[in-house]
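The structure appears below as structure tokens.
Should a chain be cited, it is by its letter among A, B and C, assigned in written order, with residues numbered from 1 in that chain.
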Amino acid sequence: MEFDTVIKALPFLLEGLGITLYVSAMGTLGGSVIGIIICVLRWTRVPVLVWLAAVYISYFRGVPLLVQLLLFYNFLPYAGIDLSPLVAAICALGMVGGAYIAEILRGALAAIPKGQVEAGLALGFAPLSIWQRLLLPQMLRLSMPAITNELIMLVKASSLVSVVGLAEITRVSQTFAASTYRPMEFYLAAGAFYLITNLVLSFCSSLLERKLARK
Amino acid sequence: MSDFLVSIANVHKSYGDFEVLKNVSLDVQRSEVICLIGPSGSGKSTLLRCINFLETYDKGTITIGGKIIGYQDTGGKRKLMVARELREMRQSIGMVFQQFNLWPHMTAVENVAEPLLRVQKMNATDAHSKALRMLERVGLAQKADNYPAALSGGQQQRVAIARALSMDPALMLFDEPTSALDPELVGEVLQVMRDLANEGMTMVVVTHEMGFAGKAADKVAFLDGGCIVQFGTPQQVLKESEEPRLQQFLRSYHARNDF
Amino acid sequence: MEFATFISYTPAILHGLWITLASWIIASVGGVLLGLGIALLQRSSSLTVRMAVRAYVDALRCLPLLVMIFIVYAGGPSIGLMLDPLSAGILVLIVHGSAYFAEIFRGGFSAVPKGQIEAAHSLAMTPFAILRRVTLPGALTAAAPALINMIINVCKETALLSIITVADLTFEVQKMAIETFASFESILTLALGYWLLIEIFSRLGQRAERHINQHLNMKRSA
């Protein structure tokens, strides 16, 4: 095996890694927003909204990510929406991330004693203030390690976006593997990049968990 | 009728088939301190929580300062009160919980200032200084920047009392305020409550502290099985009553407190 | 859009479904068995073995499944590993899954109350007997929900095999989508099909979980 070609292609690979990280981070951010919205929907206890939340989670956790991506990328031209592959990737990852983060936040919400909400109600807090000042700050703090794990999951999931053409690191490796006839070297390189990225993120997640346990 | 700050009239409440409050009536005058005592399951906490409508009630009326709480005054069909009105009414009722319910991600002074900022829309400087004054009132000004986790149970409960007082309520409700405290911390909280009573605060207290009921209360109500079985002055209820259920209830206290 | 043309694809799609289900079952069984073996290895007294297992599990959980599939299928020939798409795919699914199953079993093992094991020791049971009669049953019951969840995940992972030309459900529906020019409708049906499949198995899984919990509680009270 010869890794010379890989080293020559390094700038392109790193650019691909950059796209991978960007898309995954943005997806996690978007997913967090969606996750919060779904949590609030479930909290309202209005039957239609609770049902909507349940259907959303069921779909995005039930359908294979590859099929979700294929459907999303076929839906856009069908509905006449024009998005760049990058933005489309972020939307797709954000939507699936949102379903998983919603479940994470559900656990965090359940960990907050109901009495704290009652104290807010007894003091005359409006529901918006209760969410903004009492629930969300605690929920986000409690779910930080799990959301970091979700980021790791999205980094891995982003490799699938190569299938619909975004030039993240797996796609870049594919292109070079095909043109240089060195698939093993390039795919191993891609693997190494994913490995290092996720090991670092994993380490951060355990650090966060330990910090939380102490407080 | 307008003498009474709180007027509970013929209130019923059921959880499914189980009737937890059976035709309860009670009136509280301004500056009166009323203690609700009774065995677990007697409905005393439920009754207290109905006063600020943390629990709904099925029949009867509860009026605070002449206004019905929880439901619109339509005379005919029962309609839930508009959320905004309920919140406004709750601003004049302070509640202290058994589990303190302080918010763990805020310091003591931030806990006390939060309702001033969010509900009364005070500006930050005024809210902070009023919060500090409230903490001084309960003797905890030096703990202002501590998080609840760093405070003892008694200190946390006193911060909770300061938080409820910061809204300048006309009425204070206490739901077993000392039941979750280690015995040696109970005294500091009862002292704050006694001081409040001496300042003329109208208080309704659910408690197992018979000493407090005997010395600080103007009236005591004994509940059992969802009804007020005995109501009167502490002397009448705790010393002179011949009601057998009450006597049995008080016997367990005497047995525990005689060494 | 002639309805008849779509009907004509039915045999191919059913065959694709069969491939998906078969891959799922083989990958799950293989992954569970390999994962269990690795989890048992992790209880070894040798530090080297434990560290090797830790490295294996951590590395595999950091790699995307797609990249692993490419390494084995596209990269394999250059080191003499010539596998057909289906074998390569199932092999990767098994190895990839084994890391997750190993972690699940590890969690199951640590959930067994130490007291039960101490009791077995004080009764002079052999280590093998303790493993067989106390540790494993306890670990399996504790790990059951996570196991069921992961097995359902493996079903979703089989869709990736379509990328290396395995004729599974996704592959056949995509073929139909391209040939009939009804891309959106075809893929939509595919998505709904998977949704239904996964939802059914999730419900079955929940029922199985409840059954196991009842079984566990009965054992405890006895």
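Everything that follows uses one rule, which is that a contact is a pair of C-beta atoms (placed from the backbone, for glycine too) under 8 Å apart; a residue touches a chain by one contact, two chains touch by 3 or more.
Keep in mind it's a predicted model, so treat the numbers as computed, not measured.
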Most central chain, judged by mean C-alpha position against the global CA mean: A
Farthest-lying chain, centroid of Cα atoms versus that of chain C: B
Centre-of-Cα separation between chain C and chain A, whole angstrom: 22
Centre distance in Å when chain A and chain B are each reduced to the mean of their C-alpha atoms: 46
Centroid spacing, where centroids are CA-atom means, of chain B and chain C in whole angstrom: 55
Multi-chain contact sites of chain A, meaning residues that touch two or more partners: none
Chain B partner contacts - residues on chain A that touch it in the complex: 113, 115-116, 118-119, 121-126, 129, 133-134, 137-138, 141, 215
Touching residues (chain side chain B, partner chain A) in the complex: 52, 54, 83, 87-88, 90-91, 93-95, 97, 99, 101-105, 114-115, 118-119, 149, 160, 163-164, 167
Interface residues, chain A side, partner chain C - complex: 1, 58-59, 62-68, 70-71, 74-75, 78, 152, 155-160, 162-163, 170, 173-174, 177, 182-185, 187-188, 190-191, 194-195, 197-199, 202
Complex contact set, residues of chain C against chain A: 58-59, 61-68, 70-71, 74-76, 78-79, 156-160, 162-163, 170, 174, 177, 183-184, 187-188, 190-191, 194-195, 198-199, 202
